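Alright, structures below, take your time with them.
Same chain, two partners: chain A is paired with chain B first, then with chain C.
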Partner chain A sequence: MNIGLLLLVFLAAALGTQALGLALRWVDRKVTARVQYRVGPPFFQPVFDVLKLMGKENLMPATAVGTGFLLAPVVALASTGVAAAILWAAVFQPTATFLGDLIVVVYLLTIPATMTILGGAASGNPHAAVGASREMKLLLGYELPLVLAILVAVAHNGWTLKLGDLATFQQMHGSTVLSFSGLLAFLVAILCMHAKLGQVPFDVAEAECEIMSGVYVEYSGPSLACWHLTRAMLLALLPLLLIVVFWGGLDTSVWWDWPAFLAKYVLLVALVTVLRNTNPRLRIDQTVKFFWFVLTPVAIVAAALAAIGVSENLSWL
Partner chain B sequence: MNEILAFLFQPLLLPATLALLGGAVAFGIARWWPVACRVLALGVTAAALAAAIRIAAAHDPAAPTTVGWTWMEGLAFHLSLEVELQATTLGLLVAVGAAAFALLIAVYSFVSQAGSRWEGRFHAYLLWTLGGAVVVGLAANLFVLLVGWEIVTVMLFLLLNQGRGDAQAGAAKAFGMLGFADACLLLAVALLAALPGGSANWSLALARAPIDVEAAGAAGYAAYALILVAALAKAGAIPVHTWIPSAARAAPTAVMAYLPAALDKLLGIYLLALVTLRIFTPSWTLQVVMMAIGAVTILAAVVMAMMQHNLKRLLSFHAVSQVGYMVLGIGTGTLIGVVGGLFHMVNHAIYKCNLFLMSGTVHRATGTDDVAEMGGLARALPVTFVCGLVSAAAISGVPPFNGFVSKWLVYQGTLELGRMDPSHPGLAIALLVVAVFGSALTLASFVKVLYAAFLSPAPKDRPRPAARPRENFFLAAPMVVLAVACVVLGLFPNVLLGPVLVPSVPAAVVVGEPLVATTEAVTTGALGIWSAGPATVLILVGVLGGLAFLWVSSRARSVRVVRPFLAGEVPSPTDDRFRVPSTHFYETIRQLPLLGGWVWHGERQAMDLYHWSARHGHTFVEMLRSWHTGLLSLYVAWCLLGLTVTLVYLLIHVGS
Partner chain C sequence: MALTTKAWTKWALTRSLWVYHVNAGACNNCDIEVLDLLTPRYDIERFGMLLVGSPRHADVLAVTGVCTRQTAPRVQEVYLQTPRPRVVLAIGSCACGQGIFTEAYHMARPVDETLRAVDPDATILYVPGCPPKPEAMIAAVVKAIEYLKSA
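So, the complex of A and B:
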């Protein structure tokens, strides 16, 4: 593998995703503001926020384990960047197997959450410790239905984990969401994505008015800017992952798939905005119960239907 | 005599001979000169490792070295004992692994066992264990294997016995369960003779086709199941796992790190691989049973682990849970799954050994195994913290560490079940979900451990053995070696996959996609790809970029240290209210329906076969006891009755 090309793809994907994520952040804030009869921020406001944080002092509490506290946001940012490179490569070059497959991406996308937990725990602040334990429980909560939902798509699309092949299979045989089990799994996956983004009603790990931003309570300045960027990147990446796995990816060979892809993307991001603006925050026990005892059974039904569909060769099921 | 000496000191036997003789010498001087035992253990394990590596370097898979020696051949009656040894790729991996771990443990126990009452004997037993393990790895005959296997079991009992407090109970339980499992193995060896094409003196050196369990019928199933029990009990899979958590609390850390964490996994899974790949071809039913055992083991044990408050017990439940991945991988019968299971065996031995060593160092520093009372060690023990962090990430399957690669392979082996045979996609999905979710639960429980021991503030009301604990070279060096191994095997899995693991799986008995491992990437046919090296380079580039970002930011060149934000409260130096104990982390989950009940029953030994057999065995023994009245006439009557039954049976049998 050409190391120069590798670096180029990585940098382009990581920086591009950051820019896209900040733009989406603006969309999210603007729509929220309009819903609340406010004017909303100008387009570059999320960028200004990051720039402003960069200019601030970096503070560290006396109780913190310094290295871990400062490294956590950076590692989160870097691994999200690698996940971005793999995903964008799968969208634009589905035939090239680049770096990793679906499992790798799913695991790389859990690193930001893990780093949030470690960074929060390393700050030595009790609010952050409570936040960290909640973030971990939240991760346990959504991981189970998310994996089930993703496996439904894998079963539908020829039992491969290569992202490019998953997308190509759907472009030839129809999207996963066009089947009954696929649709169920997709709905489950949307809610899991929402939790992964840490948005209301699943923002228990931050809960500003309760534990004062929880895991992020001690972060400031450039370190906090790293977290902002990471979360913006996740906002851009998770809808992309869902589109690749469930909704056919991007067929670059036909012109009309470009606007379709864009519409799907905007729809998923808009859904995040709508969900977060219309729901109150759940408690952590309610959240875990919701994921394990409501969404997981739904995902199990979807998986069972998919299993029957695959073994009986009924592609609509 | 010379003949015997020449036999014992030939290269293939040298590691075992060295270890066994060294153990004997250490045992002899144990009481008078424990310090010499320490040095002896270090020297002998190093020599055994060198000897084992020498065999491995000279090993040619196409023409393996075999040595045989027939004992008592010339006697009038035809009783001969074949001592047969052979260097196989997988067996050598076990032998070299056993020696390497023994060396690391010898270094660690240089300090950790110093001054303990049984120090000299500890080193003697350590060496004998190594001797037994090497014999198992190089055995080319099930009888020889059994001898080595027994040595390891007995040594485990003796070593566990050296622990604190109620160590005897745990040791007895371990010996009881493993003794039962060994009896199963012995019975299976005898049963092999009854199989068509089988022999009691089952040689692994001959190139023969594996026995088809299906074709061999009930005897085949029985023999397979018996060996399976022996292998699973050694490795510690549910339902024959309970000796590990029971022994963990009181056993010396070095023993836990060497035997249940590393060596018993190597031996148990090695036997599982032998029986599944070389001796038998399991039927689909047996494969499903194995995979089910694997899945249940992963999930049940990790849920128990998450709720533990004793660090050693927590780690021991993980030592059970991780076996599930190995059994699941080998049970799939696909090339990728089997290789993944074997790779996981190696990886697990590395990181779990490291985690147990970490728990020992933490215990020395805090004087406790209770996670609620630890804390504040990250600054005092930075090396231990980093090694623990790496191992915890590896066991949780965080890329790019070694645990991720083997789990990733096991996942794909499971996925292939659905791919190859469209009739059981449900099975594939169910097993895969359990495996992935088990990994998330593992992460959760190690988050708790890392927070409890290293990141959380130290409790203020608890006296510590040392005011400020410090790293010790002998304790830290083995951990650094193991942590580096986690990283190296994670970045370059091809060093083990390519030359060792893939060739050691006979192509004829596995199915599925090919597995190609190069420095650049591991490719699993049409299933997936993972380029560990390049991806890590990118992550590192990203981290450097991020650090540069922090640095470039105008005022961030120095970080200002401030008071933590406690909403205006200023805690006094003795105030412990602002410390969130890690025991509170997963209380929410314990209170959930289903899971809470699971843990409740688990804590009350619902999964413990030993507990159940003890309970019902007692009733049985009482019944037998009531028959023993001491009256001679009664005993004579019993004898006569037995004789009559035997005679009648013989008459009928001969008559027909």
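So, the complex of A and C:
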């Protein structure tokens, strides 16, 4: 594959994910509005928001460290775009993926969070500093259970670190969620996905009515648009990662797997909206306790069960 | 006045106005009426309007209250921290002209004069009433949108 074609594929994946993510943002806002007996915004609202922010002034606070402040949203957007290209490849072209792309994706999906920490800290705002420190704690909280949960899927599917192989193995031998440890790991991963998206029970880093949108408080105009796009893309990508790793990916050879894939995807996105509409925000100490003392032990048990199940040939475990 | 230059940004701006609420010494009556705009009966999110937590994210500053000596410099500071293009809604009799508190010892100048001291070109819309009805605020926002389209 030559470089030009590669760039084209990357751009198509990144822009497509942006469009999908903005559409999902609309679904999220519309459902939230309907839950509250409101009418809600029109379909193109997230697009209007981003376009408007693109045309606004980009202010930088006098106390900010300019390089980190302005670079952070761009790096976050770019890394999410690369993750999008790798993940869509695993869905549509499982053979075209490379060894270890699972690790690369996990790393790339951590970059938006680290960049929020960098951008928030560089803005020199005390609210953003509080938000950045919370984001860091949140990251330390959910990364370990997420990686352990992914390890369960890796163990179940022939110890492969290739996203494409993970998906094809499950299509031949049944999804990871159909086993006991796989189901546990899937539930853990759903909650970690929710924290990664920064949605309401775990939105301590933003906490709009408490620390004035925290890490994003000083961002305006195009930089804020970058953050909006990054978050919209993450909303589109993380359910995709979960489906590929735990729920069989997409089997393009049979027609009925397309509607099944779509149903799984919609279900995971709807779960995010429902969780965020039915829960109050947790404090940061409650959040970290929840991830370290509830989800991490569950994920460790799931990983141990998966290891036993694989070595003893008990596929249900 | 050069509010915004490009046609597409103006087009998107009128469909997505984000509001930051500034309390410049209000009695909380106007503030409750501002919150009414978010309820199911009025639901201004239908028009893409959101209440945001930071003036840096805002396009519209909804200022309520008399503008006391304590708040006047802070109102100016918040206004300067709002990225251009920006519009100010002076909500309530107090914000429009200090209402019954005119000539009281703790008054600075009214909201419009306070803001024009830092930006002579400031776009300010007045919503009189004590408190103004949510319908009046929506009417003001419609006027703001019309103004942005023509500016």
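The working rule: the second predicted complex is superposed on the first by the 313 of 317 C-alpha atoms of A that agree within 3 Å, B and C clash if a C-alpha of one lies under 4 Å from a C-alpha of the other, contacts with A are read in each partner's own complex, and residues count from 1 in each chain.
Rule of thumb we're sticking to: contacts are C-beta pairs under 8 Å (C-beta built on N, C-alpha and C of every residue); 3 or more make two chains touch, one makes a residue touch a chain.
Fair warning: this is a prediction, and the values are worked out from it, not measured in the lab.
> After superposition on the shared chain, which partner residues are touched by A:Met136: those of chain B (first), chain C (second), both, or neither?
A:Met136 contacts chain B only, not chain C.
> For A:Cys209, is the partner it touches chain B (first), chain C (second), both, or none of the two (neither)?
It touches chain C, and chain B stays clear.
> When the two structures are overlaid on chain A, which partner does A:Ala270 contact: first (chain B), second (chain C), both, or neither?
In the superposition, A:Ala270 touches no partner, neither chain B nor chain C.
> May I ask you to decide whether A:Leu6 touches chain B, chain C, both, or neither, giving the answer as first, second, both or neither?
A:Leu6 contacts chain B only, not chain C.
> Comparing chain B against chain C, which has contacts with more of the residues in chain A?
Looking at chain A, the partner in contact with more of its residues is B.
> What is the contact status of A:Asn58 with respect to chain B (first) and chain C (second): first, second, both, or neither?
Both partners.
> Looking at A:Asp285 after the superposition, I want to know if it touches chain B, chain C, both of them or none. Which is it: first, second, both, neither?
Touch status of A:Asp285: first partner only.
> Tell me which partner A:Leu148 touches in the superposition: chain B (first), chain C (second), both or neither.
first
> Touch test for A:Val200: chain B only (first), chain C only (second), both, or neither?
Touch partners of A:Val200: none, neither chain B nor chain C.
> Regarding the shared-chain residue A:Gly40, is it in contact with chain B (first), chain C (second), both, or neither?
second
> Which parts of chain A are touched by chain B and by chain C alike?
54-59, 212, 217-218, 221
> Where on chain C does chain A make contact in their complex?
Against chain A, the touching part of chain C is residues 4, 6, 8-13, 15-16, 39-40, 43, 45-46, 48, 52-54, 56-57, 59, 81, 83-85.
> If we count contacts the way the header does, which residues on chain A are in touch with chain C in the complex?
Touch list, chain A to chain C: 29, 33, 36-42, 45, 48-49, 51-52, 54-59, 208-209, 212-213, 216-221, 224.
> Under the touch definition given earlier, write down the residues of chain A that touch chain B in their complex.
By the definition above, chain A touches chain B via 1, 3, 6-7, 10, 14, 54-66, 68, 70-71, 73-75, 77-79, 81-82, 85, 97, 99-104, 107-108, 110-111, 114, 117-118, 121-127, 129-130, 132-133, 136-137, 139-140, 143-144, 147-148, 151-152, 154-155, 158-162, 165, 212, 217-218, 221-223, 225-226, 284-285, 288-289, 292-293, 303-304, 306-307, 310-311, 313.
> Which residues, counting only chain B, touch chain A once they are in their complex?
378-379, 385, 397-399, 404, 408, 411-412, 415-416, 418-419, 422-426, 428-430, 432-433, 436-437, 440-441, 443-444, 447, 450-451, 454-457, 520-521, 523, 526-531, 534-535, 537-543, 545-547, 549-550, 552-556, 559-567, 578-580, 584-586, 588-589, 591-593
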